[in-house]
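Structures given as structure tokens follow.
Paired with chain B in one complex and with chain C in the other, chain A is shared by the two complexes that follow.
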Partner chain A sequence: MSENVMVRLEGVTKIFTDCTAVDNQDLDIYEGEFLTLLGPSGCGKTTTLRMIAGLEIPTNGRILIHGEDVTFNLPSERDTSIMFQNYALFPHKTVGENIAFGLKMRGIDKKEQEIKVREMLDFVQLPAVYDRKPHQLSGGQCQRVALARSLVMQPSVLLLDEPLGALDAGLRKAMQLELKNIQRKTGITFIYVTHDQEEALTMSDRIAVMQNGVIEQLAPPSVIYEQPKNEFVAKFVGRCNLIPGKVIEQENGLVLVSNDALGRLRAKNPAGEIRAGEEVKILVRPEKVWFSNQNNTANGTVISKAYVGSRVDYQIECNGLVLLVEADALVDLYIGDEVDVCWEAKDSIIMPKNFCNTTE
Partner chain B sequence: MSQVQKLVRSERRLMIGALPMAIYFLIFFLFPLIYIIINSFWSADSTGMVIDRAFTLKNYQSFFTNQFNIVAYLRTIGVSFSSVLMGIVLAVPLSYAIVFVIPKKWKQLVLLAIVTPFWTSFIIRAFSWQLFLSEGGPLNSFLMKWGLINQPISILYTHKATIIGLGLFSMMIVLVNTYSIMVGIDRSLLEAVSDLGGGKWDQFVEVILPLSVPGIVLGSMLSLIICIGDYIAPTLLGGGVKTVLSQLMIQSLKSGFNIPMASTYSVIMLLTILIFVLPFVKYIKRGRTGE
Partner chain C sequence: MANRTTNAKSKMEFNKVLLLMLILIVLFIIYVPIFLLILFSFSEGRFQVFPITGYTLKWYAQMFADPSFVKSLGNSLILAGSTSVTATIIGFFGAYSALRSNMKFKNIFSSSMLLPLAIPYILLGVALRIYFFNLKVPLSLFTVYLGHLTFTIPLAFLTIRARIAQIPMTYEEAAWDLGASRLVTLKEIVLPLSFPGIIASLLLTFTFAFDEFIIAYFLTRFEMTLPIKIWSTLITGFDPRVNAVGTMVFLITLIIVFLAQKNAFDQV
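And now, the complex of A and B:
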């Protein structure tokens, strides 16, 4: 991945008649990067994508592609191609005609169109569907055809609007890997919109977590997951235990916090300085908690148990505080059992209260 | 009870529900139709009072050997197809404009303005067309005022007026069909055209028009049936000098009281409609089975 900026948003704002969809957004997307816009529905991620595609005109701000201002350019005048959520395949055209459509618009001659289309069908591993109509294809096949139709245009930037949303779980997983492979092979910059955190974590080079038209955090997946900047990000990218408490002191890079139910806890503080007496929350991911009695130990009772196949989810009540624990399927506890839970201080981080969003 | 049995039973119940309708159609539609067909093979004397119930092809012979009839027959088809064509040519751009161009708040109003005139009786509308198209009427004075013509053109009492009357009627029927299809066209298809380098014209030609074909077909089929059988427009607007099939039928009733001959005209009209409409029906059926 080079460090050339491919797409740049400068103070981009989009106001619809009744709401602000995207609010003063700055974003640099690098050449060859796989960037995901992640957020709940209505957070402005699709609007951002559509503005890059040219399907919406920003109310304010500039959009640059290859350093050139394209804010007011038509979709056809940009080096981008978009893959729609519902694929938007032309129902009355064959697969071949669908994929050839962009080439036809460019005025490329019929023979060359067919050669390119067949090449592209091979590339997306669908060689036998050239003459079929979209309604004769499965969801996964439609998805590949839509991908081929975009890729055949050889765009510098491919925009994907929840392309896997309509597929079943198994196919989704396979397509995630395949999309990632295609992105690596072609070197095209992918901007991917999804509300599925797992999808975002699996595929992305960087994730921009969005809420209410604003990017809350922009970072690589591991940072997003392990060092979320605020409570919203923490909750959106995975399940979490948030333990409220008051800072006592800072020692050796760890912060000592007191909680009414669990007593004194140690946690990392990536955000930097923190004052004693400050109200904070400690984030511990459920899979980092295990049953034992070492540091940070708390004693509690099993109040619920859910078998999820590869693991078992327990809820443990400790002095009125409920902790979520993802345990190995080998652990076998029953409701009402008394257990000790613990986690390592390095697996828990401090979320300052002033960063915490009010959204629940 | 198995699923199949349940299905069969519910279907049977449905059939019982449809029985009154079936009886109604049998008595008021199928029996008269059969009676007309039988009638067309009978013959009447010159007064029309005595009907000879012996099987004869005399009526059909007299239809096909009379050049006047053949001309009227071909004229009917010509006028009908011109009207339907005019309907399509007007309806498609108009429904495109309503669905994709006119701002949302005006849409209902424009659609209403197009459809409401057709709530009035066809005869009243024909009379208003008479006023509008006459030599001293608004159309001619408008055209002369703008210097487009030097002297009044005669449209009324020619089949130009018939085609205008029936054409606008066809337009309304085609319009409601294409409108409902265009409203349902997924906007992302049009965005895909833009994204892949096409303009507005490409959106129309490559996506909107081909997807609207079923609506155009259904609308023109319905209006063709009405145009072939219509009597009011060719009489009140077309003047009735250059006769069409429906007028021949009425004439044989009015002047000769020749019911068998009128039945023959009916049967010929019916067969003509069937010949033109059957391919359409086939097309629509094929569309339904997902071809």
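And now, the complex of A and C:
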């Protein structure tokens, strides 16, 4: 990934008649990057994408592609191509005509159109559907055709609006890998919109977690997952245990926190300075917790058990506080069993309470 | 117990028969006059009475021999044809802009497009006659054409709007994104996808314009349409040729309705 900025949003705001969809957003997207806009529905991620594509005009701010201001350019005048959730394949045209549509608009001659279209169909591994109509294709095939129709234009930026949303789980997994491979092979900048955190974590170079038209955190997947900036991000990208407490002191990069139920706990503090006496929450991911009596230990009772195949989810009640534990399927506990739970201090982080649901 | 079920069963059977009879009566009331019209158009006698003494095609022959009948049929076909094409073109653009533009007062625009449908034809006819008279436009088939547009455009607008409303916006957005201008998108995407609506609109407005009497009566003088010709033939006493004309008109309408239905079913 080079460090050239491909797409830049400067203070972009979009106000619809009844709401602010995107609020004063700054964002740099680098050349060859796979960036995901992740958030719940109505958070402004699709609006952001549509503004980059030129399908919406920002109320305020500028959009630059290749350093050139394209805020008011038509979709056809931008070096971008968008893939819609419903694929938007033209139902009255054959697959070949669909993929050739953009080339035809560029005035490329018929013979060359066909050569390029067939190349593209080979590339997305659908060589045999040239003469079919979209309604004769399966969902996965439609998706590949839509991808081919966008890629044949050789855009610098490919915008994807929840492209896998309509596929079943198995196919979605396969297409995730394939999209990522295609992105690597072509070197095209992908801007990907999804509300599926797993999809975002698997595919992205960076994730922008959005809420209420604002980016809450912009970071690589591992940072988003392991060091979420606030409670919203933490909850959105995965399940979590949030243990409230009061800061006692800070020592060797770890913070000592007291909790009514569990006593004294140690946790990392990536945010930096913190005052003694401050109300905080400690985040521990359920898969970081195991049954043993070391480190941050608590004693509790199993109150529920759910078999999920590769693992077992337990809820453990410790002095009124319920902890979620994702355990190995080999662990075999029963409801009512007394157990010791623990996690390493480095696997838990401090989340200042005043960061919750606020923006900086 | 068994008795009760049989009772309920026979009651249901009875209701079914009742419903069937009702349907038959309605169909009878609707279609018998038309059937009689067709039957008497082949009857030899000058008067419409039973028993029919013999069958003949002479009324058809006489009708086609009368140049004024042929002329009025021609007038009506030209009128209905041009009205339906014009109304459909205007209706298409009206429907497209009513759905896709982001102009203000879109709702007012839509309802003002539909208003003429609510105005009685006789008022439209009188108003337009006064209007053309004051503008010194001579009454002719052309003024009838303009008059018919006032109520066929809303029909076309409604029919085509229903169709375009079913086309997802993303098709057009995808076309723009792939480099098509608005106009090219209209031609490449919207037009082919709203084709069933356009056909339906053409057929619907054609039959309305072909049958319409009141507005045509007020807005023409010497160039008669077929309904006016039929009316003026009948005010001087019954003429069996009218049965032949009626049968022909029925046939033309039937063909058009059949085409419209087929078009509608092909879409399902």
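By our rule, the second predicted complex is superposed on the first by the 357 of 360 C-alpha atoms of A that agree within 3 Å, B and C clash if a C-alpha of one lies under 4 Å from a C-alpha of the other, contacts with A are read in each partner's own complex, and residues count from 1 in each chain.
In this text, contacts are C-beta pairs under 8 Å (C-beta built on N, C-alpha and C of every residue); 3 or more make two chains touch, one makes a residue touch a chain.
No experiment lies behind these values; they were computed from the predicted model shown.
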{"item": "Joint occupancy of chain A by chain B and chain C, clash or fit", "value": "clash"}
{"item": "Partner chain in contact with A:A88 - chain B first, chain C second, else both or neither", "value": "both"}
{"item": "Touched partner set for A:L37, first chain B, second chain C, both or neither", "value": "neither"}
{"item": "First (chain B), second (chain C), both or neither touched by A:A219", "value": "neither"}
{"item": "Chain B versus chain C as contact partner of A:H135, first or second or both or neither", "value": "first"}
{"item": "Touching partner for A:M153 - first (chain B), second (chain C), both, neither", "value": "both"}
{"item": "Contacts on chain A seen with chain B and repeated with chain C across the two complexes", "value": "53-55, 74-76, 80-82, 84, 86, 88, 90-92, 101-102, 105-106, 149, 153"}
{"item": "Of chain A, residues touching chain B in the complex", "value": "53-55, 74-76, 80-82, 84-86, 88, 90-92, 101-102, 105-106, 135, 149, 153"}
{"item": "Residues of chain A defined as touching chain C within the complex", "value": "53-55, 74-76, 80-82, 84, 86, 88, 90-92, 101-102, 105-106, 149, 153"}
{"item": "Of chain B, residues touching chain A in the complex", "value": "186, 188-189, 191-199, 202, 206-207, 210-211, 290"}
{"item": "Residues of chain C touching chain A in the complex", "value": "168, 170-171, 173-181, 184, 188-189, 192-193"}
